[in-house]
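The two complexes that follow have subunit A in common; it is paired with subunit B in the first and with subunit C in the second.
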Partner chain A sequence: MSVAAVNSKAVDIPARVNPTSVAMAVFAALALLAFATGDSVIPAWMRELPRSWQLGLDSGISSLMKWLVEQANFGLFTFKEMTRAIAAVLNVPLEVATAFLSRGLQEGRGSAAVQLAPPLPWVAVVGIVAALGYRFGGPRLALVAGGCFLYLAVFGQWASAMTTLSSIVVAAPIGIAAGLVCGVAGYRMPLFRRIMTPVLDLMQTVPTFAYLIPILFLFGFGPVAAMIATIIYAAPPMVRVTMAALSAVPREIVEYGTMAGTTPRQMILNVMLPAARPQLLVGVNQVIMLSLNMVIIASMIGAGGLGFDVLTSLRRLDIGRGLEAGVAIVVLAVALDRLSQAYAEGARRREAQGDGRTFLLALAAFVAVTYFVGLFLPFVATYPEAFTLSTAPWWSEAVRWITVNFFDFFDAIKTFLLLNLLLPVKRFMLAQPWPLVVAALAFVGWRLGGVRLAALVAGLALFIVLNGLWEFSMVSVYLCAIGVLFAAMIGIAVGIYAGLNPRAWRIVEPVIDTLQTLPSFVYLIPAVMLFKVGDFTAILAITLYALAPAVRFSAHGIQQVPEMLVEAGTSMGCTRRQILQRIQLPVALPTILLGVNQTVMLALSMLVITALVGTRDLGQQVYIALTKADTGKGLVAGLCVAAIAIIADRLIQAAANRLAAQRSGASHAA
Partner chain B sequence: MVQLPVKATLAALALAFVVPPPALAEDSKDPIKLTLHDWTGQLVSAHIMGEVLKKAGLNIEYVQADYLAQFAGLKTGDVHVAMEIWATTGKEALDEATATKQVENLGETGMLAIEEWWFPEYMKEQCPGLPDWKALKGCAEKFSVPETAPKGRYLGGPVTWGGFDEERVAALDLPFEVVHAGTDAALFAELESAYQRKAPIVLWIYAPHWAPIKYKGEWVAFPPYEPACYTDPAWGINKEKTHDCGKPRGPIWKVAWSGVKDKWPTAYTAIKGFNITNEEMGKLVGAVDLDGKKLEDVVDGWMKENEGRWKKWIGG
Partner chain C sequence: MTNATLVCRDLWKLYGPDPKGFMAQHASRPSEDAIRAAGYVAAVADASIEIERGEIFVIMGLSGSGKSTLVRCMSRLIEPTSGGVLFDGLDLLSVSPADLIELRRHKMGMVFQHFALLPHLSVLDNVAFPLEIRGVGRRERETPAREMIELVGLAGRENYMPHQLSGGQQQRVGIARSLITNPDIWFLDEPFSALDPLIRREMQNEFMRLQDALHKTIAFITHDFDEAVRVGDRIAIMRDGRIVQVGTPEELIIAPADSYVADFTREAPRSKILSARAIMRDAAAGETVTGSIPATAKVCEFAARVDGSEHPVAVADEAGRQIGVVDRRAVMRVLVGAEELA
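Let's look at the complex of A and B:
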């Protein structure tokens, strides 16, 4: 049934009770009843399927994995030999990058290796970055990017940062290239696109921990495996962006290409991709940022670098050092982000700035000179240790001071929220029998998007049930729901304020950038000191991490409201409050909803991290599976996280579409 | 492939120049990969072993790896040596790995893993009778928080560590609830915070570790562990339930890929010979974590003081 039809019916006959509301009320009443009656009435199989009814998918996946690693054979070579060969190929660019940035050119391996040539001196790297900044965005960007890298040197993070950087400079281009190829294929072949879309959903929602073990088995232990995990996690946005950008290329351009007699290949390479370049660069930017998000997890399987520093510092409770290493990741992200954005925006200006070749020659000369000088003057090659700064003791002291002086205050807030919000919600969620939840989801899906959506969400929910992970899933939903609630409340308010007020936006933007790139482990441990191990700390971490998209999308939504509408409101004598309530908010609502959607996704992706502070949810299941090297169990729990994510995503998107349709319907009527 | 701080790499390189490795025909020239984990004690053991192997003229490489995820690498021979596998936390994974014959247990390190309920010294005033476990029965409320009230809160290790604390609480009829920390970083963060505020806490601590050196406190004295306690309900105070005793103490093992024996025979015997005590390790860890000394310097110091010992490991 079309949305407009439902809407007009409701408008026409206001006296009649809306059947949807009745159904929702029935579901709510049943849910409350389940909450009130407790264990005595609801049969046990409605809480968790008995073991004999479950699918047993986990052991199936585990044995498939065993077969792949130990037996699978293509005749000439085994499956494992193939994956190892891929790893060896990927290792080549990584070796080159580490040689340049962190280790120098070496003969031999291990401790017996002899360094033939040192890596690039720090002065040269800072210089290159600043020069690129100048070229892409002028003196300001040169200062920002150069300053970021200078920070790394001055705060003693250089060696680790260069290790991390060398894996990023390899992983990101590979991710971008793979994403581009898949995106083009998806654009050209609708069938491929249809297969690709759910795969992308899974790549983005299955927690990385869930597929870490199979990657280790297939690709070996070390930086290459870490790089592959990074690419899996970071490439999907590039695929999506490529498909969207190619579809959005103006028809005139395509027609012009056709008239010029291009082959399909020329059409893509020479006409469409250049035309889609601005959007494609957004994807590039996303890949870089997501790659940096993976730094901590990558360090757990041998990538080393800044992520390893964060982990070791926090294990010794050296919060200051952990924070400095964490900030180094943020700084690296900011520098790469601003450079890639400036590159995206300033393509034309650059041409005006003169000859590219002169620039490159000058840069090469600079690098060569510093490199040569560095061979004789050690302080040019490596930043002298005596001049490094550290604010670590100060931070550790600050955290100590806060815990000693404010613990009782924070504890009171925590206790209040726990007793009045968290625990009741948790009990409510755990009391729900799965048939009721599946039915309610199917109904909501049907009302919002029709039969297909209903079948999808009910099917995904049943997948969780059939794998016997219902209770863990409900705890996950409870943690994320409250985290999203807080994040949305705070984030939308801040976002709207920042959207109305450009000066506030300039302060808010770096803050949310930091929240998104600072490894959550860095603030998780101080949070434990203040709030102890438990659900509250987990929810706090989820809220902080998931805040960013709520703020960003709300601000964008408000900023994008056409000036005309606001002026019309003003001329009609609306107060500022009325303009916000009647004009800006309703127009921005679909964008804000998209922000909420992203918030949900990020909240779910934090589940595995919150397992590190002791929650009993799907994240914990994934983590246990990781520590026991149980491929099947980890993947199944990961797929359940993905199922929840996809359910939430599809329902929210359907709601947003419906809202947009209603509004355009209303404006047509007016 | 290794990500060492540049300085350490340079030091290693300098060493390689200064001390030309004595030629050993039977050992492979490929680097032996030793895993590094995220706690200082293990970094010390691995670096001591690494330095000793270097002195024997072997080529080594340090690889950062997760404690349990590394077994995937040990089985396939991607990494070769893990210096600390604790009987208390890694036994399951180790047994599974050795059963495949791809991984070999090279014996005890000489260190003994202790894991037990632990409380800071100031709790003795608030709960007289400690460290005897029976005292906990009387003052559970001192340890309680809103989520567990009126029961006390005991902060256990991550679920993956096992430990049977729920069973222990039930068997000894302790009015406590077990709350699991997700990681040991979280565990010690809570201890640090409680210790700073002199707040009540009883939690899972293990040794060798810097925590029992840094904070004053004691292990709770449960009835000592015997294997029968975990299997035979009739054993001990509670005649109907098992686990009415403390936790077992267990060795810390050295573990290697089974190919090490043939590929680097010198290393194989050297790793087997490696031996260090809890006290020694405690001091080394304290020097790094509490006094803020550099890991390399601390390891160098140990190497100088114990030359006679490690030379025996490499048959010199």
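Let's look at the complex of A and C:
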């Protein structure tokens, strides 16, 4: 019926008809038709390919991994021996860091261990952090960073936090060094760069859980495996930053290096890397933050510390404890973020910071003295337990109170949205036969970016189909779509308001800065706290996590509208509303679209994590694979999430580019 | 020719799909039409120059005329498509990468338009950098570096970072740095173009003072004709990758090769460039003259004197013989401009 309506309309005004809109309307009508008819008409193979038609990629990968671990042999040593050697080498710095920060020097293992020397006293660690804060950013930063670590001690999170910190102080430098080396190689060798770029794209879109599985398979369960996962997750941005920073070194500086007679090696080490230092430090900050983001996820394959605390309390639904450990991660993240940012900015300004040697000597003396004193005065070495505060009971009580008093209220919201929005959308998505969706994606891709884009998005969608994960993928799309919808609605509104209103921006900016430093897992806690498990909780967590870029990009988009245009509008007698609708929003639209794109990416990366609260989508598939150590299944499901992410990313970017191109084309013509 | 430090012969730099192949097809002398038809761009076309030892050779042209590309071909920062570059008789284009590094470390210096100081190094370390990469120890390199800093007038600022200096000061560092290796050829790529007019004037004077002491062989790039005539012994004028004319400032003014060159010379300070020899006429039979001036004297130096005398002034060559006379009218022509007087 809808098809007929469209056709008659097309006949009415043939001169104005736009073939693209007609085609889109046809697709929409078919989609509605599929929703209305249900299973009776659409053949089963259009919902999910029968097992015999599928690629069988998952079992292929699994047997490859099995072969690698059990049989692969390089002649001198087997593959397994190689992975063991890598793990052993990486274990050394980790042991040293834990010895200093959390465990002390021990003889023997497990319960039979005898402590030979205690770890650094808490007073010394807080002192070091505060001193670094003072040196990088002055008294304020000293207070913030020292305060954060003091919090960890006072609220009883010290032991776990130091375990986490020791894995980060090892993982982050290795990630930075690896990223730097790959980045330099990518800059020097175009071929390497061409191979590297799609790999990086993939690594940043494949959900973390997916590569936990092969790591688990190759390196076993434990802190080293967790650290390797962290490094793999945190290094890619450093590679990108390094390549971009080296390319951005001014041409004259490179020419100067050549004319001074540098060898290629001197050019990189003495000229380009130092000249690119400020940008490189931004990458360093990112690696640290991403390492922290992995803290909870890595604890699934054996990292202890705060992440493990959060995970176990979430599993036991012990909200109070989980929240405490979660907050501790946030506090640690804030401290490390501020310190590394201040260091990066300091490097940009390069203020004379006094004598570095005196500073280090004074710090070393302080640490030595506290260590020595700590041997005799226990309260210097370990924060006395009697003085720790715990907020856990308070939180648990608060949650209990809320659920007792507001259960009906929250439940009503949840039920209302479930019945009127979530379930219909979910049913609609699941009713779609894959040939229709693939065709629609190909068509949109073709209109937005030509044949290559069409082939890319259709190919990626077919990849999902051929792996027999269509229905799970549609559930993922549904969860993300609604999460993105909420996040975009709230985020764009807040962003536009903050963009128009400098005073509001001053409040909003630090809030979204903080939101972006929080590890994704933390967002699950309040969602589970209030709404228990299920799709709605997952969507809430996705929305919270994905909110920040929508706000930031919208606000930037509005702020970047040239003042001149607003003045022109005012002088023509536009009302404030007209200025917003006719001038500011259209000009800001490409930027806002980029924000939506980021929101989609974040939503997809949150997806797998929400599997913990009982969704039945691709994320759940990855999670199940993780618990069974089924490499093939997990990787394939992960690649499907990546496929969805790449489809969304390329389509949105093509739309934004088209918009921008139309704009500049129009302005050239004028 | 024997005295030339740097010689460029038939130098071409083409951009396009296959420049070398295209040049081979056209026997290394493609016509402008052929270049355009094949979709190539000639950044440098058939450039031949010789820079004599101890002279300041200015390459002047507007932006996009290929002057920067030419100087980069001469220093092999850019590989020319065809042609030859001889540096002290050595074929620069066939030198191995390792030898080129050695050559640059010891015999070439370059100053850049935007200074190109290394942002992470202090003034002292920036100036000492060319020695550092040669493997000279800290103490041995800091002594000459301090001397160079003193020479360019930055003593006392050795420990400043580049961003703490003004543009003019930064370029002084750039100059000190390029001279520390005592190069045989000194490339200056628009060294003063990024500076304010007043500072630019000051730096030009400073540069002339340095050159009086050092007698370097210099390739000096500029887009400013005033600057070219102020500093240059000889000037090559470039347009669309080609060298239109090479000559002393006076030659360019007296006999511009085409209207393009004439456009530059029209506003030039003629009284400071033209000499008595260029504006004198033959003395009429039995003409009375008062006093005499050397043939090389610039108009601005003797204008007042000619103006103050009743009769024309004699012009004498190096041997003291009278070769002509200069009268008020000739001086007026230079000062006011020939068109207005005619």
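We adopt the following convention: the second predicted complex is superposed on the first by the 570 of 670 C-alpha atoms of A that agree within 3 Å, B and C clash if a C-alpha of one lies under 4 Å from a C-alpha of the other, contacts with A are read in each partner's own complex, and residues count from 1 in each chain.
Following the convention adopted for this analysis, a residue touches a chain if its C-beta (ideal position, glycine included) is under 8 Å from a C-beta of that chain, and two chains touch if they have at least 3 such contacts.
All values derive from a computational prediction rather than experimental measurement.
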Partner chain(s) touched by A:A275 [first = subunit B, second = subunit C, both, neither]: second
Residue contacts on subunit A - larger count, subunit B or subunit C: B
Touched partner set for A:T263, first subunit B, second subunit C, both or neither: second
Which of subunit B and subunit C A:L216 touches, first, second, both or neither: first
Touching partner for A:L317 - first (subunit B), second (subunit C), both, neither: first
Touching partner for A:E252 - first (subunit B), second (subunit C), both, neither: second
Complex contact set, residues of subunit A against subunit C: 250, 252-253, 255-256, 258-263, 266, 270-271, 274-275, 277, 350
Complex interface listing, subunit B residues touching subunit A: 1-7, 9-10, 12-13, 15-17, 21, 29-33, 38-40, 43, 50, 54, 59-61, 63-66, 68-73, 76, 78-79, 92-93, 96, 145-147, 155, 158-160, 179-190, 192-193, 196-197, 199, 210, 289
In the complex, subunit A residues that touch subunit B: 102-103, 108-115, 119, 158-160, 163, 212-213, 216-217, 220-223, 299-305, 308, 311-312, 314-317, 382, 385, 400, 403-404, 407, 415, 418-419, 423, 521, 524-526, 528-530, 532-534, 610-615, 620, 623-624, 626-629
Subunit A contact footprint on subunit C (complex, rising order): 72, 75, 77, 101-106, 108-110, 112-116, 118-121, 129-130, 132-134, 161, 163, 187
